[in-house]
Structures are given as C-alpha cells and as structure tokens.
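This is the structure I want to talk about, given as structure tokens.
Chain nomenclature is as follows: A, B, C and D, assigned in order of appearance, with residue numbering initiated at 1 for each chain independently.
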Amino acid sequence: MSLNSFGRLFRVTTWGESHGAAIGCVLDGVPPRLALNESDIQPYLDKRRPGRSRFVTQRKESDTVAILSGTFEGLTTGTPIALEIQNEDARSGDYDKNRDKFRPGHADYTYQAKYGIRDHRGGGRQSARETAMRVAAGAVARKILGPDIAIRGALVSLGEKEVDRARWDWAATEGNDFWCPDSEAVADWEAYLDEVRKAGSSVGAVIEIEAAGVPVGLGAPHYGKLDADLAAAMMSIHAVKAVEIGAGFAAARLSGEDNADEMRAGADGKPEFLSNNAGGILGGISTGQDIRLRFAVKPTSSILKPRKTVNLAGEDTEISTKGRHDPCVGIRAVPVGEAMMASVLADHLLLHRAQCG
Amino acid sequence: MSLNSFGRLFRVTTWGESHGAAIGCVLDGVPPRLALNESDIQPYLDKRRPGRSRFVTQRKESDTVAILSGTFEGLTTGTPIALEIQNEDARSGDYDKNRDKFRPGHADYTYQAKYGIRDHRGGGRQSARETAMRVAAGAVARKILGPDIAIRGALVSLGEKEVDRARWDWAATEGNDFWCPDSEAVADWEAYLDEVRKAGSSVGAVIEIEAAGVPVGLGAPHYGKLDADLAAAMMSIHAVKAVEIGAGFAAARLSGEDNADEMRAGADGKPEFLSNNAGGILGGISTGQDIRLRFAVKPTSSILKPRKTVNLAGEDTEISTKGRHDPCVGIRAVPVGEAMMASVLADHLLLHRAQCG
Amino acid sequence: MSLNSFGRLFRVTTWGESHGAAIGCVLDGVPPRLALNESDIQPYLDKRRPGRSRFVTQRKESDTVAILSGTFEGLTTGTPIALEIQNEDARSGDYDKNRDKFRPGHADYTYQAKYGIRDHRGGGRQSARETAMRVAAGAVARKILGPDIAIRGALVSLGEKEVDRARWDWAATEGNDFWCPDSEAVADWEAYLDEVRKAGSSVGAVIEIEAAGVPVGLGAPHYGKLDADLAAAMMSIHAVKAVEIGAGFAAARLSGEDNADEMRAGADGKPEFLSNNAGGILGGISTGQDIRLRFAVKPTSSILKPRKTVNLAGEDTEISTKGRHDPCVGIRAVPVGEAMMASVLADHLLLHRAQCG
Amino acid sequence: MSLNSFGRLFRVTTWGESHGAAIGCVLDGVPPRLALNESDIQPYLDKRRPGRSRFVTQRKESDTVAILSGTFEGLTTGTPIALEIQNEDARSGDYDKNRDKFRPGHADYTYQAKYGIRDHRGGGRQSARETAMRVAAGAVARKILGPDIAIRGALVSLGEKEVDRARWDWAATEGNDFWCPDSEAVADWEAYLDEVRKAGSSVGAVIEIEAAGVPVGLGAPHYGKLDADLAAAMMSIHAVKAVEIGAGFAAARLSGEDNADEMRAGADGKPEFLSNNAGGILGGISTGQDIRLRFAVKPTSSILKPRKTVNLAGEDTEISTKGRHDPCVGIRAVPVGEAMMASVLADHLLLHRAQCG
C-alpha cells in the first residue's frame, strides 16, 4: 500500500530526492530469465536526460543506471531488481536563498503543510528527477511486454503551437528536440521556445502515447480497468493536469452512432474495428486496437519572472527562480509517458495471465 | 488487490450484475461511531435512479438499499459494512435476441475475448447499475468527511450544448433533470435531448465536480497522489474517456506566469491563492482551495439506429438496441462523480491521519 | 488493503455479524469458466454446520449458501462472486443479560476499547460464524486448484487426548464427530468430551492439515512466502494460538543432518525427498512434497463456570455464559483449516502463473 | 502487492542478494519529523552482525548502513527512506564447486524449479543476509513506536538445551553470545554449541519476543489481526518453522476456565488481567498486556557433514558445505524477531490511528 509504489504484479517503488546522494527504485514481480543489462535501460534514460538540448534543463547529470540486484549472468532471476542513479550535479546552494519561500505552482507549500518539514533543495522528493526511475522501470516493463508491443510518444502541442496531424510521421519524432511528429513544424517551435526561454517564461505541452500490438483482453472491471490505471499513471507524472483516451473530451460531442466503433469480421476471425474512438479500450479491457491517449503538462512553474508568494513565516514576498529549469517540462515528459504506458501494460499482462491463463 | 475494489483505507468492493438477484458492496475501514442508517444513503441513490425523468432509462428500479452489517443501533462499529440492492426489473428476455452479437461501444467483445464467457443480460457486470454501489459508498464516505466538506457536481455540456459560466448557479442544478447550473439553458437542452432521444440516437456530456472545504495536506507523492487517485476514480466510471483537474488541458496553453497560482498572506496565517489553475492540488497534495475537476462521458452506445458488428461466430451482422436506455448516460454520472470524489477524499483523509497524526 | 480481506489474486472479503440479517463474502480474481453451483459449496458448509453433533453448538442454522453474482449458466464469469447465508437462529435476547460484561477470553473488551462500540449479540463480528464464509471461499478455491490437489484435515489432539499416529487412517476422519483419524480413540474422546460438556467446561484441540499434489514452485521470497501466508491464514482463524509447519517446534531440537531432508534422483527426473521435515516448503516455496501443518485452538471461552471479569462501567463482576456453545470449538475448525489451506494455495497458484507463466 | 514487501502503512520492501553489490530496503509511510540518523539503526545491525562471536558465521561484514533518502537535517520528511548496506566479503568462489548441487534444507531446488534460474552464490536472494534489512527497518519502526513500547527477545532453547524460567533475567541477555536470559545456563550452552560446531553439525533454537507498553486496541478483525500479522512476520524469517502466541500449543491442553484470562477492575479504570495466556491479543486486537510470542528456528542446513542430494542434471550426488556458516542460525534470529515485532506494531499503530483517530 506504499504511496510511492505503483502497479500490482509488476510493482515499482521509487525513492530519492533531487539533491540526495542518489535516486533509485525497486521492481518486484519481474518474470525470470529475461535478458537484462544496464544497456537495456540506459538508452531510455538518455532520452529523458538533462542537458540533451538547449530546450531542457542544463543540470549536468549523466544519469548512469546501475542494476544492484535481481539479475544473474545477464538474466532476471525473479527476485527484486534494484536500480540506482547517483546524483552528480546537486548545487544545493542555488536553492538556499529561496529556502523559506513557497514557489507558486510547486508543491512547496503543500509539502510543508502536510509534513511540517520539507527538503527544499531542488524540489526535494517532488523534483522531476523522480521520473528518471519511471523511465528505468519502463525499460524493464518493455522486456516483459516483448518485441511485439511497440510504445511510442510524441509532443502534439507546445504551448500555443500544434502539430498538423496530416503531416504526422512517427519517424520524425527522433529527428528533433521536441519529439515532434511534424517535421515541418520544428523550426517554428524552436523559434517559439527560444523566445519563451529568453523571456524567462515557460509553456506547457500535450503528449500523445500510442501502444501498438497490445493483445485483446488486458484490463478488468471495475477498478482495475486498463484506462483507469493509465489515467492514474499519467496523472501521477509531475505537472500533468489532464488525461484523455481515444476521442477523449471530443467523445462528449459525438452522437452515439458516430462514437461507437463499428466492427466487421476480420481475416483471422477477430473483429476489425472501423474506427478507434475508444482508444483501444472498452469496458476497461483492451480491444486489440492501438491504445492511444493524450495528457497535458502544465508550463514549468520555476520561471525567472518574479511572482507573488508567501514565506514560511506567513509573510508576503516575491520569488524569481534562477535555477537551470526546462522552458517546457513537457518535452522530457514524452519518454516518461511512454514508460508509464509500458509499466501499466506489463502489470496487466501479468494480471491477465494470472486470472485467465 | 481485488480489481473490483478501490481505495486503500476506505476500501470499497462492489459485486453484481445487471440481471442477477442483487448488487452490493462491502465498505471496509469505516471509522466507528458514525451515525449511519439507510436514510443517509437512499437520497443519493434516488439522484441516480432509473426512471427519474424522461431523459434517463425507464427501467423500473426502486434501488432500495439495505445495510446488512457493520452498524449497531444506528452507529458504525468499525467492521465491514455490507450494502445490498435487490434487482427488481430485470427483463432478460429483451436481450436474448442480441445475445450473440457484440454491441459496438460496449464491452461485449472484450469480455468475451478476455473471459471466454459473459453474462449478456443487460451488460452483465459491465452494466451501469454497478454505479449504484459507487453512489451508496459515496454516501458513507460523506459521513467520514463530515459536514465541512461539501461536494457537488453539474453537467457543463450536453452533446454540443454548453453552459454559460457567467450564469453558473449551483442552486439551479437541483431544479432541472440535467443537474445543469445554467437555468436559462435548460429549455434548450430539453428540446435538444428530446430530439436526440426520438431519433434513437444519444449524446455525451461533460461533468464538473467540486469539493469545497477540503483541508490542506490530503494526498501524497508519488503514486498515491490525490489527483492520480481522482483520475483513476473518474476514469473507472462507465463510459468516461477523459479527466482534467483545474485548468486541465487548457493549462498546456498557458505561460508559466499565468498558470502558477500566486499567493498572498491570508487572514488566518494560511496563504490565500490568487487563482486556482491547479484545481486545488499541487504535487499530488490538496492546497486547501476547492478541488475542481471535469470528466467526459461518451454517448450511450445502446442506440436504436442499426450499426455494423460481428457475432460470436465471427460473422458480419447488424445490431439495433431496443432496451430502455439513457439518451445521455452522462446525466446519471453526476451523482456518481460526486460519490467517487467523496470516496477518494475519505480515503485520503484516513491516510493522512495515519501518517501525519 | 481491507483488513477484512485476505489473498492477493484470489481475494476474499468477508462481512457480517452473528446476529445480523446475514453473513457473506465477495471472492474476486476467480478464473472464468469454472463449473460452480451452490452444490459445490454446501457440502463443505455442512461439515462446519452448528448442530451437526452433540459436541458442537446447538444453534439451529441450515447455513444455506446462495451465489448472488459472478456465475452465468453454471460457470464462473471472472467477475466477483458474492456468497450469502441468511442468519436464522439469532436469539439475541440470550445475550442481553451480559451485554455490558466483558467475557474473559473473548474480544469483548478489545473491541470496546478499540472502537468505543460493539455489537455484543453473539460476539458480533467476532463470532465464529464468520468462519462459514471462509469455508465457502475454500470450496471455490478448491475449484481453482482442480482435482489433483487434495486437502484434508484431522484433529490430532482433543484437550489432553492425542491420536496414536501409528493408527492414522484418513478414511476414519469421516466416521466420527471429531475428524479423528484414529478410530480406536473415538469412544474415549466421546466420553471425555461429554464429561467436559456436562461440567460446563471446554477444551482445546490441535488440528493437522495436509495438502497433497501441490506442484513445486508455489510461493515466493520473502514476504509472500507460502509458509508465511499459511501461518497468517491459520492464525487468523478464531481462537488459534499457534501454527507449525513440517517438524515445527520439534525442528529446533534436531541436528542439521537430521533435519535437512536429503534428496535422491526420482523416476521422473524430479528429486525424491527422503523425509519431509520441511512440511513441503523450502525458502517459502513448495517442494512438491505434501504440505503439512498443525495449529492449536484454545478452549472455548464461553463456559458455564462463573469467571471473574469487569463490566463497561469498569466494575468487578462475574460472568457465566449460558449460550449454546461448542465444548471444543476446535472440532469445527477442521473444515475451516482445510478451507484456509485451499484459499492460500489457490492464491499462490495464480501468483505463480502470473510471474512464471 | 510486492511479494518482497511487508506491512500496510509502514511498508518495507527489501532487495539484494548475498553476493551482489549491496542489499537495501525502502521504507514507506514513515511519519514525518522523527529524529533519524544512521546511528539510530547501526546498533541493531551490530547485534545481528556476522563475526560477532565464534558461534555465528565468520564472514567479515561491517554491515554499515547508509540512509540515502527520506531524511533532511536529521529528521524524517515523510517520503520514502532508502537504506543500503554494501556487501564487503562476498567470496563467491567458495560456492562455485557446489553450484549445480541442491543443498538439502535450502531453497536451491525450489528456486531453480520455480524460476528456472538462481543466483547460487551464498544462497543468492535466499541468504540470511536479507534479515539485515529487516533489522534496519525494525530500528525505524521503533522510532515510530516511541520510547514507551519496549521490545526485547531471548533464546529460550538451543537445540536440546532449555532455559530455566525460574532464573529468567532480561538483563542477562546482553551478557552472553546467545541472548540467553538464564546466565547460569551459558557455560553449558557454550560447551554444547562448541561441540556441535566442531562436529560440523548444527542445531536449532526457540526465540521468545516480548513487547511491553503496547496500548490496547492495535489490530483488527479478521485478516488484519495483530496475531495473524505477527505469525506471518515471524514465519517469513529464514528457517522459522513454527510460531505461537501466549500459551500457544499449550493452550490446546488447558480447560476453558484455566485458559481464559480473568479480569479485575484496575486502578486507572482499565481492566487488570489475572493471567496472560492470550499473549496480549484477543480477537486479533492488543489487550494492553505484554505481547508475547515464540518461534522455532530449524538447525542451519549448511553443514560440513556430507549429505545425499541431486544436481541440476537430476543425478544423485553428495554435498558438504565448507562455507562460514552459523552453527545455530537461531542466535542471530533474536534481533530479527525483535525487528519484525517492531515493524508489525508500527504498522498497526498507524492503521489504528487511521481508522480510530
């Protein structure tokens, strides 16, 4: 019932603060005899790594992961896998000046009010560094899912800018700093975000995650629904404020006949759906279609522009955050969203196998 | 780890099918010595009851709840509370004709594919009747929360119709069949939904739920976040496809300075927020502001208009649903959303008390 | 996390009080398409039923179970199974005289101190009637385990009387009122317990449960150990004060060479163990040998002989319980212990399938 | 639902193998603002440390614990506490010779059969080194319990030797290598165990753990019973085969009038019990009396004497373990049992506060 854990059978527990010695996670329930080395995990961490481009935080972290348990001679053993990353560039001094101020949009005030204490350095436990362990867990989850399930993500909007879905090209996401699937939009996005960055401001983003190759039957009524678990998983990512699956909010405006995906007999005896408004999930159970969801990330709250706030003593003050922050924290949320999708699917794959053999 | 349970310390487990003998739930973890009788629960069930207006299903169910355990002389005892509602109007015959057809937009196909068997009568376990037990659980959750936390919901859009927020009046929600907070919109909504209903079609809706009086400090990093639990709770409701908290998707379009809610010293030493884009939650923990979220319900999938589908034998066929269905299932989702909010908050109230005293 | 639930994937939640309207349970996680009718459950309930012989309580209960959900046309559907038994002979009046007295050996005082309230009638939630639902759950668990796993139990001691293991005959257990495997001992036990009963006293018992045909590999390090789960399951039965597996306490007196079960190559490539001090479990995982455990049940605390106690007002008083109690509650614990064994094994069978395929 | 975790609200997850880089644990749910440094934990680890006397393994491990997260300036923050111990003396070479042989009494065969792979070095995950993290967790649990709850343990039998309870002196346990409360027995025990050790054999032990100062009301019906959780906690310790609470197995031989602890009005309005056969627990809830339990540890399975076994290829062979093993692994189980008692009580203290305020 740990509040810092997620998943039921593929169970992930994360720990660590932004400026502590290290961050880590424990993965329990991983099936035995899967090939697993650090090199299976590191590429995903590299996608999320600070300093990767000028559009993300310049904090210097190699984010090198070590597997401390749960494997033997390159194979998983079925026992808990402990992963760990040393923190390297923890300039706590940067934060001391604002130690007693509550940064608007951050969890400073809520942590202080809840716990009566907080590690103010770099956001402490609430730092987005925590998401590195989600990405690491997701890499192991992909091993459980196997090569037939493909998970990928893209930024579909950056502040006021949106992709043109007519130009959608998954391959393009690897060729720019935004995971943007619309290569023609990239130059404009770069100019836009440079401006935001130079203005000491920030913007939000919307991320789309797709899982292809998911078998029919994952999920369960009513509180173990695949979509309920995905919603929780995405909403638990730092700065996420909204999640929608398939047609999402737009479904509320459709008529019943336009929304419900019709079926025809498929070649292999399985139904073929004529549309995918459901986003690959009906009644909380995967349909075999692509699972597709979107989530919204709010703009980075740490900005240069001075903002009104109060301090620990309850007095009015102002704050301006000079740290090395992401002008759009949503960019690095793309590999995180992919990882959460992988982890939720891995968990449900095991759950389905348990009940239905 | 039951997939038909939710909550951690206020733990709800539901059971039952649309056309079985009864539906029920077990509530565990309820504090002792709370006054609780059936009359505390029934009014909430009456809000969700079939046949309440011409805009909801005409199935005849009194939905009379019985408390079978967990209370003594009108007080909770701290032991599990079993609630039960007898099914009264289960006309299974209505469904036999379509027994082997998969209704588009429903979970017929996914249940069949997952379990290799399904109770086809009225959707079986997947029926929206299950939400009656959510509403009953929510009524008990409100007892845990006490009178200072007020939870209420409203329909903010019905298909293509939207409320005018300038005319928002919570009191108005009780005066029409839609829980619409904009009384001037009601006549138009009635005409619109009558037309939809007569056309044998259906529409979706967006519901907004607000919780006022929630103390600061409920929730926890990182997978026990209040917003993650709320997202799962709402997404687990039948036909829900999207959830957003505070500014939600709109937050992705805001600048950092516009989004982060500034603070000023309040009269009682607590900060006063100058806006509520966060929807009352920062870092997964309540801020003390109103908690505000919205969720989208897709249009009822059971419609009169014939739709293409396949049957159990894998053959192409058509289906037209003649049951007594809601033209907009979103209407009855309002009390359900309120109940889920109450249950999540009750759970976190107990969790907070456990860890922080 | 419900405290009234057990099991992880085969999840049992019980509810109900001795003198409430009914008692029941919800079973979640049951695989689909298992044949299941009330007649699969009732025979096990009949073994535990009150009034079965003069050596158990004379309360008149038919303990007729109803399946309220989770099956369709005689097969499980994979959705929650709700079971219910109406209480028929709830003579609450019998208890009113002692309403405010704490019965020694019972949970009256601890319930009152914990919850500040208690349903005093027949022990309320703490009544051994709760074990009827354990037995019902166990019957369903046996369906999950299939016919190759055989679970049976016997009384190995009754108060000061012990079976002669040289005369052990499983078949004999069905032929007497004690589940005694030593038919020559029965007459002596009858005379002994009649004397105890007539004296208004009571005695305890030791029960042995065996599971044969359990495959190697069920269980897991370190807190999901099969023996840890069995210990909890047995200790959670009313009035149980001790559990031992295999050689149990006697193992502490053995030398390492005598205790560790040696192995020889078996006919089918699997090792054959030369002894079974381990009781079929090593490192928390089943070895494929018979699983064998024993647990001790204390003497019934409700006795005619007057005992010193205090009342709700904190005053000294005496109590003598005139109800219809078991002279040895351990007798009816035999089917309960079998049921708990079945439930734990079913849970671990599903867990094993989830992780190891 | 992690199988390598225990506790509900005070949640402990352990990881690591005997010959991996390190072992560790994550503690979630710890209340904030408790003073906590490594020096609060180390003394308990030192009690369990290898090489402490000639009667325990001579493996050279300083077992120095590091707190990697969850504290700030010497206080707990309410976020997960990660503890880690580097492995120092991992002579894997010692084990290679027996790599493919299944050691009798160990989990070698069951791990191999379950997972199809195992880390054979020093028992891998199944090594008693795992208990170091239990001891570390227990030290933090004691912080949650506060100074008024005192937990202590003693060896009550060593192989065939037993303490004389008439000479019981808790203070004596600190003055010998066995945690023996009977100082007159120590010389005899030393001679006895020296003989066992020199013979290349081993013996088992029985440990008694007592918790004083526990408030009335911890625990809950029916599967969250304090005694059920304690039974699981103790049985989950390596090599434990039996657990009993209060009078335990002996209770089965008592009459109802002798077993049920009578009560008299106490000075402070609380009842005073005239005996403690219940071991401080009635109906799964603490009575306020001392909680007292015993558990049996089997003799160390790794012995010099050659034993019959089979190997990975399924062939008959012999094995003789030349490692640096404990002649009585039960000795080091004393601090482990204390730690498990502390962890279970801490968990129930938080659970009780959650439900009953």
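Quick note on the criterion: a residue touches a chain if its C-beta (ideal position, glycine included) is under 8 Å from a C-beta of that chain, and two chains touch if they have at least 3 such contacts.
Quick caveat: nothing in here was measured; it's all calculated off a predicted structure.
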item	value
B-C or C-D, whichever has more C-beta pairs in contact	C-D
Chain whose Cα centroid lies at the greatest distance from that of chain C	A
Separation of mean Cα positions, chain D and chain B [Å, integer]	46
Between chain C and chain B, distance of the C-alpha-averaged centres to the nearest whole Å	39
Whole-Å separation of chain centres (CA-atom averages), chain C against chain D	26
Numbers and ranges of chain D residues touching at least 2 other chains	1-5, 8-9, 14, 29, 32, 78-79, 114-116, 125, 220-221, 351, 356
Complex contact set, residues of chain C against chain A	1, 9, 29-32, 78-79, 220-221, 350-351, 353-357
Chain A residues within the chain D interface of the complex	1-5, 8-9, 11, 13-17, 20-24, 26, 28-29, 32-33, 66, 68-70, 72, 75-82, 114-119, 124-125
Chain D to chain C touching residues, read off their complex	1-6, 8, 14, 102-107, 109-111, 113-116, 125-126, 130, 157, 159-160, 196, 201-206, 216-217, 219-225, 227-236, 241-249, 251-257, 259-265, 269-271, 274, 277-279, 282-288, 296-303, 305, 307-310, 314-316, 330, 351-352, 356
